[in-house]
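Every chain is named by a letter (A, B, C and D) in the order it is written, and numbering of its residues begins at 1.
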Amino acid sequence: MILFNCDYNEGAHESILRRLAETNMEQTAGYGEDLYCLSAQERIQKLCEAPQAKVYFLSGGTQANLTVIAAALRPHQSAIGAVTAHINGHETGAVEATGHKILTVPSLDGKLTASQVEELYREQVLENDAFEHVTKPKLVYISNPTELGTIYHERELRKLHEVCQRYGLYLYMDGARLGYGLAAKDNDLTLAKIAKYCDAFYIGGTKVGALLGEAVVLTNLELQEDFRYIVKQKGGMLAKGRILGIQFDELMKDGLYEKLGAHGDRMADRIRGAFREKGFNFLVENETNQIFVILRDDQIQKLGERFGYCPHCRMDENHSAIRLCTSWATREENVDTLVEFIKGL
Amino acid sequence: MILFNCDYNEGAHESILRRLAETNMEQTAGYGEDLYCLSAQERIQKLCEAPQAKVYFLSGGTQANLTVIAAALRPHQSAIGAVTAHINGHETGAVEATGHKILTVPSLDGKLTASQVEELYREQVLENDAFEHVTKPKLVYISNPTELGTIYHERELRKLHEVCQRYGLYLYMDGARLGYGLAAKDNDLTLAKIAKYCDAFYIGGTKVGALLGEAVVLTNLELQEDFRYIVKQKGGMLAKGRILGIQFDELMKDGLYEKLGAHGDRMADRIRGAFREKGFNFLVENETNQIFVILRDDQIQKLGERFGYCPHCRMDENHSAIRLCTSWATREENVDTLVEFIKGL
Amino acid sequence: MILFNCDYNEGAHESILRRLAETNMEQTAGYGEDLYCLSAQERIQKLCEAPQAKVYFLSGGTQANLTVIAAALRPHQSAIGAVTAHINGHETGAVEATGHKILTVPSLDGKLTASQVEELYREQVLENDAFEHVTKPKLVYISNPTELGTIYHERELRKLHEVCQRYGLYLYMDGARLGYGLAAKDNDLTLAKIAKYCDAFYIGGTKVGALLGEAVVLTNLELQEDFRYIVKQKGGMLAKGRILGIQFDELMKDGLYEKLGAHGDRMADRIRGAFREKGFNFLVENETNQIFVILRDDQIQKLGERFGYCPHCRMDENHSAIRLCTSWATREENVDTLVEFIKGL
Amino acid sequence: MILFNCDYNEGAHESILRRLAETNMEQTAGYGEDLYCLSAQERIQKLCEAPQAKVYFLSGGTQANLTVIAAALRPHQSAIGAVTAHINGHETGAVEATGHKILTVPSLDGKLTASQVEELYREQVLENDAFEHVTKPKLVYISNPTELGTIYHERELRKLHEVCQRYGLYLYMDGARLGYGLAAKDNDLTLAKIAKYCDAFYIGGTKVGALLGEAVVLTNLELQEDFRYIVKQKGGMLAKGRILGIQFDELMKDGLYEKLGAHGDRMADRIRGAFREKGFNFLVENETNQIFVILRDDQIQKLGERFGYCPHCRMDENHSAIRLCTSWATREENVDTLVEFIKGL
């Protein structure tokens, strides 16, 4: 069985393992105050062209999301997200467990638009006589790539930034798969642009070559205040914080992060191409490492006998959409096998 | 500078790193549902002689504590702990952040006694006319070894177990440094005895040879219900859960965990012996990897020029207690250097 | 200006005020443990034909909802409600502030159907491979009358009860306006039937003749356990609990509650009739004390010069739906004036 | 049985009941936005000489405390209080349920001193290397009168204010029994002085003549921001807010509040005097409406046959301290009876 069901089936990129081994018996400070974390932070600040930014290394995506959101909001404030947002549908109510409502808006491609944010804010706050009887939106949550593998373009992100500025909202980007977004063919964002438009975002490690770990970047000074207290309180502060610092120091060096993303995207492109050639349709068009293809149920069953995939949603009586995932670790020969299989469908 | 300030200054035991490297490119299921986690669980069940127990691998100690406690308590219920309890003084209010009060009782040696629990329960519930105006204790939190390096003996643990049974309380042991406790010269507990007396406990990995990770063992079936939901919600479920499973599979194999604990204790014994020979007093007597010794402030300053230590508390005008820590990773030659230094004091 | 904007514009029914005055200088126990609360509980138990039920008097609806839901759910569990549910849209995230997500389903008339609950439960739990990554529904929230003034019929409530039983869900009814529901012309429910089908519900006082206060009825013994602790914790336990007991003792005596509800409904019927005669349409058809009528914007403006109303939603360029409310306190002559005005539209 | 066990055994002062009756059928806006609330706010602003202050009328003391504290703190911040603080020992963990730890300091007379606050702040924050591993104090909670009936003098309050200013802490006074404090013989505080030194406080109504209700006064503009959202979220916003406004409008008129307090204190003085004459000792000396007297157990039993009292704590084998309470409603003839009884002890 070859697994294409997700992008965390393997361990870590070999250079990360090597670095962990090399530094293993060094004695360092704990809780992320070691020199590796510092060095990784400096690399990220440079790539982000944001010397004022602070970087915090957390163990996972849900941890990162709930910590940032809990740190950013007062009790009556809420987060805005697409209905497909990871925080809304895949984190067991982690944000609500910190006390905050998520206000969702419809989305077919996983993206949130500036005008949706504007409309919701007007409806909840500005044009609402009973505004104190609903939560007050304060943070806009987006994922890039989204849960459907689509990406934001600079124009879209800038508009979101503008509407957030207008209404005093924080713009927060969940970058669990950021490497695959930055490497996508139609991408026009960079870390520097993201840092310019977002108050907070995280650079995903777990799905892009690390054993574990996400680098939360807070560009807005307000959000930095006492943030480490909240990381500790929510259980996200590793005693041996260096194991995250070392990994990001490695990922952020010599363009490794981009290279890993590009590999995942290229593998996905080959699979998408194979489906396209055979005339299959996609639930959503995208260019990152997730493929949402629509197949007949019997085709899915056949595929499932040899390849791990992730069921997504039913389309009609006989068809469903499934998700296939590649990653930094996907082997060319496994893609060959899958492409061959697709040709035979 | 040689660090003796804590037991998480280094990375992981070499066999763990080796195993991570060997398994690195295998494809496994995510979220702790892989075969390594299963195998580690089986090893722990066997060592605990508790086939009904379920084992959950979490990223750190605060994460483990807040997840177990949040899962165990209804909103009005509270945890009982010694005033020195890690959840009370070193986790930035993590338990309170899940909504629960910690009721503390005094302790000079870090231990909680059955009679303290009994008395508190009577005071809060049984003999309280206004019982609904205070929280209802439901969980007893102990650490073994304690935050002061002392350990529970079987008799004490059994008594705690009995009082908990009598009043319907859960008994939960924080085993962040359990390896050092089990290896202590005066220890009479085993994993099997702990599993027999406790409803829940965790076997600490971070401080005993792992890169990160704690193995939460739930022996009480009630606590197992839907526990994984809560692990996910609190951000403790790693996508690549296998990296915890692999580490514990290794630690629990061939007595490695005990060996690592024994090394740490032996290193500490040498240091304790050196202090004792010079006539220094200890804040508390213990036989595990933490040493709480009382020194003159000028001696502490001198020591601090060459060795990392952890300030603990002031004793009088001229003396303070400091903590020195050894671990699985402590090098014999570094202990030699320290012992030499102590001789010169 | 005559107010028809809500059903809490006036104080309390005169017999309540009289009774408060009569009993004013009596000395009673505090915190709802007085004889008036006991008597009111007994009346409600009898009317509900539920001797096992416990009744708790709380200060308001949001307080009642958040207390019941917080008491009923473990951290990972969620409530299901119509998107129009009061807890979803009018309580400033009170339920989320206790840590729980609300899962919403669409509804045009404010009602939730058994099949919606079933479908959602299947989707979230039974047919979800990643069930631990979403919240687990545990409580179904309905309002009767709904926020749109519609009511549940016995058949509907029984079906909801059945689906809840099937999946281990609690059925909870918010009865803020219950008096107006029970008195509606097409109603076939009684307190006894509600008590039979629901695990918990509350009989609204604030909107049906009381100064303040809601009577939470817990028919399910599980929910009764330690409930008063949680009432206290959430700030819902009045020191002078008797002022709620006295009011409900009065409301539940000699059919007063039903009479007050019937008055409100009759007043609303007259207004609905007037609109109907003039050919106006309603956003939703109902027979309780809320009227959701669609008017031209200039008509609304004219109406607003003389009568208080509540804006509801825009229908098209020139029309909006507004809400008009009657209550136990609505004066016949004020309805005459409004009816006259409607005739002139 | 004559009750002296607490100060909420009766209903409300007659002028309050009269005013409620007179205004009963007036139509007003809901949720505390009526003219009575406005008028009561103005009276309080004037008495406080604080035109910038905002006043919010909440249903009870626990509600007031948890709402103010939840509104004031970020997740990692905590409240400082005496170990005897009502929020620590009599509110079922209400503050912790909003996510915040309470840091307590010892107190024999219920009071907190500026130097205790200073020392705690230094210990937790300024002189703590691991400051991020403990909560950060942000609010100082005091009660006046305290839970032991003692009061703060201006000098003490000013010092608390100064230390709070120095460290950026909010000073919050729980004034559940404020009327009895302001009327005490040795009192030198006024509402204006309290408003000057405190960022927030509440003027207790429930225990000083109202049916229910506390007036939360926020003098610090920071705390006012969006406060009503949080009142609503926590269930403290009454739909018929006017019933609180009307009561405080009456209490704050023509010195009624002070008069009611003075009556309670005078009744208590008579009882204290009777005990003193007989040579009984007090647990704590005070001049407000609570009396903490030490009696032999057989005396307590005898007293308990005729008078309601509140057990407080055991002193030795044969003696305990009990609490007796007077109030605005205490009848002179009941005090006569008790005094007569005391003479006979």
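In this text, a contact is a pair of C-beta atoms (placed from the backbone, for glycine too) under 8 Å apart; a residue touches a chain by one contact, two chains touch by 3 or more.
These figures come from a predicted structure and were not determined experimentally.
Engineer: Considering only chains that satisfy the touch condition with chain A, which of them also satisfy it with chain D?
Structural biologist: Both chain A and chain D are touched by B, C, going by the contact rule given at the top.
Engineer: If you average the Cα atoms per chain, which one ends up farthest from chain A?
Structural biologist: The chain farthest from chain A, judged by C-alpha centres, is D.
Engineer: List the centre-to-centre spacing of chain B and chain D in whole Å, with centres computed as mean CA coordinates.
Structural biologist: 41
Engineer: Between chain C and chain D, what is the gap in Å from one C-alpha centre to the other?
Structural biologist: Going by mean C-alpha positions, chain C sits 33 Å from chain D.
Engineer: Going through chain C residue by residue, note those that touch at least 2 other chains and give them in order.
Structural biologist: 75-76, 91-93, 97-99, 132-133, 135, 229-230, 232-233, 237
Engineer: Are the chains arranged, by touching, as a line, ring, star, complete graph, or other?
Structural biologist: Contact map by chain: complete.
Engineer: Which part of chain A faces chain B closely enough to touch in the complex?
Structural biologist: Touching chain B from chain A are residues 2-3, 6, 8-12, 14, 17, 20-21, 23-30, 59-63, 66-67, 91-94, 97, 206-207, 211-212, 229-230, 232-240, 242-243, 308, 329.
Engineer: List the residues on chain A that touch chain D in their complex, please.
Structural biologist: 31, 70-71, 74-76, 98-99, 132-133, 135-136, 226, 228-230, 232-233, 237
Engineer: Residues of chain B touching chain D in their complex?
Structural biologist: So the residues of chain B touching chain D come out as 75-76, 78, 89-93, 96-101, 129-130, 132-135, 311.
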